[in-house]
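Each in structure tokens, the structures are laid out below.
There are two complexes below, and they share chain A, which is joined by chain B in the first and by chain C in the second.
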Partner chain A sequence: MRNTARVLRYAFASAMADLRATYTWKSWGLAWLLRMLFQVTLFAFIGKLIGDPRVVEYLVIGNSVFITADVVMLVCASTSWERMSGTLPLLVASPAAPFTVFTGRSAQWLLDGLACSTISLLVLPPFLGVQLPLGTRLAVVPLIAVIAVSVYFFGLVLGGLALRAMAARNLIGRVGSIGLMLLTGVQVPVSFWPTPLESLAQLLPLTHGLGAVRAALGNGSASDVLRGIALEVVVGVGWALVAAFTYWRLTASGRRDGTIEFGG
Partner chain B sequence: MIGLFLAAMRFQAQVVRREPDYLMSLVTIPLLTVAFLAIMGNAGRADLAPYAVVGAALMTIWATALFVSGELIDADRWEGTLEGVLAAPAPYQVAYLGRIATVTVISFLGLVESALIAWLVFGVTFPVPHAGLLVLTLACTAFSMVGTASIMAPLFVLARSARIFQNSLSYPFYLLGGTVVPVVLLPEWLRPVSKAIFLSWASDLLRDCLRAEEPVAAPARLGVIVGLGVLGFGIGHLLTRAVFKRVRENGSVGFA
Partner chain C sequence: MTTAAVRVRGLTREFTRRRAQPRLALDAVDLTVEEGEVHGLLGPNGAGKTTLCKILSTVLLPTSGTALVNGFDVVRETKQVRQGIGIVFGGERGLYTRLTARQNLMYWSALYQQPTRVAKARVAELLERMGLLERADDAVETFSRGMKQRLHLARGLIGDPRTLLLDEPTVGMDPVAARDFRSLVAELRGEGRSILITTHDMAEAESVCDKVSLIDGGKVIGTESPRTIGGWMSKYERVRAQGVPEEVRAKLRALPGVSEVRVEDDEEVLVSVDAEGAAARVLRTLVDAGVSAVSTSRPSLEEVYLHVIGDRGLAVR
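What follows is the complex of A and B.
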């Protein structure tokens, strides 16, 4: 257990080193964050085009929370960097479980995504004519953190697939992210979709957590919020188990058929 | 010169065929048509469908320019072929314009995809009352996109973190370019910025082509689109020359 924690800590240190190599404070704030705020604003303006303030509010909340998921889904790409940099065989050969390493290795996106969403929720609503009390907006940040972790494990599963199909690694992450945007209640309620897709949405991360955020920001009861976030945790644990299995299979089948070595 | 331009176009077509990742924007962004139409349909505003289709198409065209045309020079630098390009007697700017032209032409598939997605997923179709003007507007948009992309390619060579800037120039331009939402809905202080972006003129005119009423001042608006494209070519030319002069002088042609 202590060893697992140590491996996680080192993997997280590597993730933070990646983050520092990718951004400076200036490039993060003036380029990346700004781009994320424009993403939320674009969708909010679709609400203004429609001409219904309730739609604007729905879209501001949905898209502010979604940008966490959008950033966290970069886990798919950063997981596949291990194969590109040739370190996957070393990870497989080491006594630590690859799943543990990969769990910590892309955690920088959790912080990045959470920061983007928090700033979006704090800054944008007043500019977009959406009335949400500041205290409530701050109160939902922990809920968004839970969503981020739940989406992270979903992204890790897709990252495991990307390790097997390197040519499609970016595509897998983007399609996964857009799929979440479409189905989980970000732009329209899940009930908008046909029943099979609505059922699928119940198994995806973000659906229940976003419901909890909407309940907290709207007139939902405390039990609605708790129920939504509890379901989000359950879905997240489910995806964590699938992710653990995915990496176990990747290692086992890779050892058997020799595809660990830069096998793409 | 024309032979070089066409050869560069053919070369880029082969590169794109062998690197499917270049076409990612063509696969992912038209999917946003579903999101836009769902929002509009859920709010009972199916009449806004042309905004969704035109918007997703223009976003695809812009994104492809950013992520493919934008990194042409940098990719040559990474692959070690930029030295050869600069040393060759052929004018490199013509070669790059040919390659950007291919990428731009391919990106217009986004319009077909968006229209197909709207039809297949939501059964949405709409008439094109001004088809001739639509084709002309698309041609002018393509011209302007090539001109604007010719600024991006040298710019990203200068940027320390080109990938961050690429990612960051997507949504701000989708919004300021009026791709989905007309510029007239933006705050007044932002509109002058939008007017300097050819996308805003192109998106407005494309949407007008889908309305029954005769588009107002179409020739002048086409002129602005082309004019902004010419400006793009001019800036792109000067910037490329300056960037190549700089990398030659500091010995970093093959160093990225």
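What follows is the complex of A and C.
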């Protein structure tokens, strides 16, 4: 147990080192964050075209929270880097469990995504004419953190698939991300979709958590918020179990068919 | 009784391939690496060296046969096997290039379950030993090939393994870096570690190994002393010369121990020998005839294998 914690910690430390090597504060703020804020603003303007302030509010909240999911879904790509860097066989041959390592290895995105969402929620609503008290906007940040974690495990599952099908790795990540954006109540309510898709949405991360955020920011009751976030946790744990199984399978079948290449 | 570092019996690995016959990468291989020994696995490309290393490092399952590392079974006792081995393969890959050397090593030390305090000291010691201390906090992507390879070796040593598996570790290195690397291997042997090192370079096998097993087409042909390998390199040496008149060529052909005198496109003559001292006779003959553009080169591994296998009356493949 203590060992697992240390593996997680160091895997996370290298994830952060990776992040620092990818961005400087300036490039993060000027390129990455701005891009995310533009994305939210763009969708808000669609709401303005429709001319209903409630739609604008719906879109600003949905898209601000979705930033976290969008960034966290990069776990799918960064997981597949492990094969490109040639470290996969070394990882499998080490005494550590690949699932633990992969869980820590991309956790930089959790912080990155959460930071982008928080800033979006703090900065954008006043500009876009959405009236939300600052206090409640800050109060939903912990809810978004829960969402980030459940999306993360979902992304880890897709990352495990990407490791098996490297040619499709970017496609898998994009489809996952767009799927979440369309189905989980970001742009349109979940009830907009035909029943099968609506049911699917109940199993996806983000759906229930975003519901909780909307309840907290609107006039939902405390029990609505709690129920939503509890369901988000349940969904997150479910995906964590699927992820653990995915990485166990990845190693087992890789050993059998010889796809864990030395230096490749 | 001490357990052998590596004990392989009847090890076979078949790869199934799409729209093609299955490929037998290893064919009933027997191999023993005694404790404290540097054992070379010498073979040309495609011989099965990497396949064997992968099986020993638990990332590939054998089709049949058994393999024990430090006395543990690579199929059933993966946990114990993994704790006792270090793996190094050649080439640029296998490192996190955006991280620094120190970050790479700290990361792996956590994976090898070392307490942080121990890890810090061990990482510093390994960096020092590999001559990387000054660049310890630079990103690995700024390193030269030789430095990356030394970091790779440091990484392989992070768990203080009893047995090291080195798969063509010096491939692509410049001669100086390769020589340094070999002296590190000799040091590790001095610490009592057992080492299996694969190579296609006879000179490398001769210079670092206690024993050398020859592998080709997935089969181990035999195990020899490095001396014998060295002997083959001189026995089957090649002599190249330019501007050799026809009558001198005839003379060369008649010399004892000369197996072939071939004229290449550019009028260069290539003389192959298959007896001790024959190369010296060829050189003397050429010099006596006034031919001055003369050089010698080592035989290729494939040529030597043809001779050796032929001499022993074994069928190739």
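Quick note on the criterion: the second predicted complex is superposed on the first by the 261 of 264 C-alpha atoms of A that agree within 3 Å, B and C clash if a C-alpha of one lies under 4 Å from a C-alpha of the other, contacts with A are read in each partner's own complex, and residues count from 1 in each chain.
Please note the rule applied: a contact is a pair of C-beta atoms (placed from the backbone, for glycine too) under 8 Å apart; a residue touches a chain by one contact, two chains touch by 3 or more.
Not measured: the values here are computed from a predicted model.
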Exercise. Just from the overlay, do chain B and chain C fit on chain A, or is there a clash?
Worked result: fit
Exercise. After superposition on the shared chain, which partner residues are touched by A:189: those of chain B (first), chain C (second), both, or neither?
Worked result: first
For this session: With the two complexes superposed on chain A, say which partner A:92 touches: chain B (first), chain C (second), both, or neither.
Result: second
For this session: Examine A:50 and indicate which partner it touches, taking first as chain B and second as chain C; both and neither are also allowed.
Result: first
For this session: Using the touch definition from the top, say if A:245 reaches chain B (first), chain C (second), both or neither.
Result: neither
Exercise. Just chain B (first), just chain C (second), both, or neither: which does A:18 touch?
Worked result: second
Exercise. Just chain B (first), just chain C (second), both, or neither: which does A:255 touch?
Worked result: second
For this session: May I ask you to decide whether A:7 touches chain B, chain C, both, or neither, giving the answer as first, second, both or neither?
Result: second
Exercise. With the two structures laid over each other on chain A, which partner does A:174 touch: chain B (first), chain C (second), both, or neither?
Worked result: first
For this session: Using only C-alpha atoms, work out how near chain B sits to chain C after the chain A superposition, in angstrom.
Result: 11
Problem set entry | Common interface positions of chain A, toward chain B and toward chain C | 22
Problem set entry | Contact footprint of chain A on chain C as seen in their complex | 13, 15-16, 50, 53-54, 57-61, 79, 82-83, 85, 87, 89-91, 93-100, 103-104, 106-113, 116, 139, 155, 159, 167
Seminar exercise, completed: Touching chain A in the complex, chain B uses residues 20-21, 24, 27-28, 31-32, 34-36, 38-43, 45, 48, 51, 160-161, 164-165, 167-172, 174-175, 180-182, 185-186
Exercise. Which residues, counting only chain A, touch chain C once they are in their complex?
Worked result: 3, 6-7, 9-11, 13-14, 17-18, 21-22, 85-87, 89-96, 101, 254-258, 260, 262-264
Seminar exercise, completed: Given the complex, residues on chain A that touch chain B span 22-23, 27, 31-32, 34-36, 38-39, 41-43, 45-52, 55, 59, 167-168, 170-171, 174-175, 178, 181-182, 187-189, 192
